[in-house]
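Going by the order they are written in, the chains are A, B and C; count residues from 1 in each one.
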């Protein structure tokens, strides 16, 4: 009993904080050198990608430390609002450079990577260690239903374009409507997330760990990571085109696979670790939360911001294959949740589907 | 114990009967004046829409009172056969005027409005009052599986057309085959509906209320409502084109949203009321039963009748966007049922998807 | 207790063995006469179809008898590897003759016939005799999820072609990748199948019957049936084109319905019998296992073999309608499993959907 209240001498920084800070600092410096000294495209891109990944992790840590001061609900809200900050910067800079195709591919690619690749790895790791694992909470089912709904709302404007309906000339207006609907849904879910333990809240995930950083430090870290993320995102986008050229991959493949994985790498490791610790239901929620944020917040925010800022307008009219791929991915994720359990064969299947889909975008 | 057998002095007419009869009478008279005195299109259309809505409610009441004389199963059968009578008239008159596009949009629109908008409202109302609500009966699951099957059979002929298969020149024949299959499925489900309490029966819904109207009155009301519905439907269709022109909405949008909602308004209120009273499973069955009737009975009956009566033939070759929209709507409804419960966030999501889909048909 | 160990004088051949052997022998001889004496196309085709069907049954019996010597897991593995031997021969001979369209239709048609027609018949027979039947095992759910995943991976290359993506010129490479992924998934599931009672194993079905044939006889029967199947498959394919011409059916319809049903007829009878004996969950597994083998083994093996042997290359780029049909069929099968029970109305619906889909391929 006393242990819970005892003033444990908890360090402000734990080992993983030092790793992220140190590696992040080095990566940012190297990425900056690569950018300003005009190193070769591929090297500059890899360094910027690593730096972005580590900054994304630092943003996540700061948000978590900050949120825990205001209760677990606040963490969820903050994570939803700020957790995709680096991806937001990358997409904005890419839109500024007119790379609409890359951004669209990256948005869909992030969803695919989480729902198929990361989920598949988590199922395989968890399943091999613990056999069949249960995914049976009300919350998991609600999130996965919302994921399906959000994806349907997000890609529906694409259909009117592909199917040459009279609305085909109004993609921008229709994208704005869909974006407003998605953001409204997100706003509606926020209060539920603020109430702790509410089973219908789904705007974020809560880590059950005591906050270690003082509020000032957390805010400072967040500000620092945010500013650096803005710079590094710029370098990342600048290096993207040369890197794509030197590797000979298509714009869509670069967005779908490389940008998508770079933006989510570290938070996904946590999901896999949870599955390895047999917390499969929680792992599922964590892994599916990221693509949910992309569909509910990031994509609609980019649609509206790109229009407000006068960048190349992002519409929700995605390429047909992307639409079908993301629909199938979310359908598989929903079926596997509703089915109530996961095992390593299901995981291997998800990875297999990801390989087939990603391959089909290899050719530019 | 005695109360169940005591001769309660139950009134023949209750208050809501008077409201429907009175308002219906006034609306029919006004709609008739608007039609014959050639009032402006929009006014005539609105009056006819209100009159149709009230007549649909009166048909529903008569059927219920009549059916209860013959046991609850009979109500289901009668409701299935006669419940969509006003919609049948509207669609037949519209086909006579060659408005195939409006009819197809109205059929799909009724399904969409029920599965997304009405279901969404019921979930929001029920969820806000009672939290997470269970939808877990065998019957609810069977109906929702049948809904998916019926929609797949109904829209499959569309695919052969869109995908330019060799069957593309045989839409009429293929539509007749699909219509025959759907009607056969409907016929097969009738005996199950006649057996009370049979969990696989799904041809209608049973209200647990003692009959109040004598048989003669019920038959008379039904006949009166039916005849009036035929007239008003004619006026409704006649006013549709001018109203569409004066509002500047497309034919598809008019059918999909306006006609669809006018034809189902009152019965849908009942579904929402049931959800508000925490009878979510029953509300779900009631709300999904109406689109099921459209796919199993109304659409195939119109295909066959339009051909027999020599009207512009209705085929089951729908516009691609309608096909995708109805498939996605029924998939969402199925996933939400199989998931076993509803909450207000799922409800809000369904409404959001409806808004996005309806918007995309705004442009003619 | 003693009865289990008592040396029961079990006959080597039971009555059904004699029926299959006798009828098979007669059919093979007649089919051979029809082929070499050049009887009319339709007669030769029907005789070859009957012979193939009976040989498929004989292969199945031999595999079962052989597998039981090595434990139930081995049966599953053998069945997976050899159970589709006659279909493999038919498809290879058809590819040799350049009938790619027939092979593709037959692959999809086998899946459709099992998931819709055979499943529907099993549900109707079982449901009428026993009412609502449970399909609720973990294994049934895992198989049905895998079925969805396998079909998605199998048909995804088709999308890139239909949607005119840059990968459209690389169908062969993409088909090989998808084939490799599917075969890898199959290989991964083999160890699980070898462990008896493992709930995630799904590479085959186990009959709980004591082996009756000595090993030598089982191997001999298997070899004989295999060699005969190779010959008869050749005659079957040779008679296919003349028969199609004389009946006036399209190549796709022939492959989708006639070849598909001929190749699976007898094993499907077993599935229906199991449902009639109220072993619905087991019947479901058996019926869905065959299409799963087609997607995981037969189709990818044919893609690779046709390329290695220099035949007309089979790609996984199927006609759009086939893709949509198989996707809808597997979705219905999944929804019905996840729903947890079957009844005869669901069965009738599945048959109805099959009729609509098959009709739409009637026109060449």
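Here is the rule we use: a contact is a pair of C-beta atoms (placed from the backbone, for glycine too) under 8 Å apart; a residue touches a chain by one contact, two chains touch by 3 or more.
Predicted model only: the values in this text are computed from it and were never measured.
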- Please decide if copies subunit A and subunit B contact each other with the same set of residue positions, more than half shared, or with different positions, and reply same or different. different
- So what angle, to the nearest 5 degrees, turns subunit B so that its CA atoms land on those of subunit C? 120
- Report, in whole Å, the distance between the mean C-alpha point of subunit A and the mean C-alpha point of subunit B. 41
- Query: Which residue numbers or ranges of subunit B touch two or more of the other chains?
  - Reply: 331, 338
- Which residues of subunit B touch subunit C in the complex? 138, 141-142, 145-146, 148-150, 152-153, 156-157, 159-160, 163, 165-167, 169-170, 174, 177-178, 181-182, 184-185, 188-189, 192, 199-200, 202, 331, 334, 338
- Item | Residue ranges of subunit C in contact with subunit B within the complex | 127, 132, 250, 252, 319-321, 324-325, 328, 331-332, 335-336, 338-341, 343-346, 348-350, 352-353, 355-357, 359-364
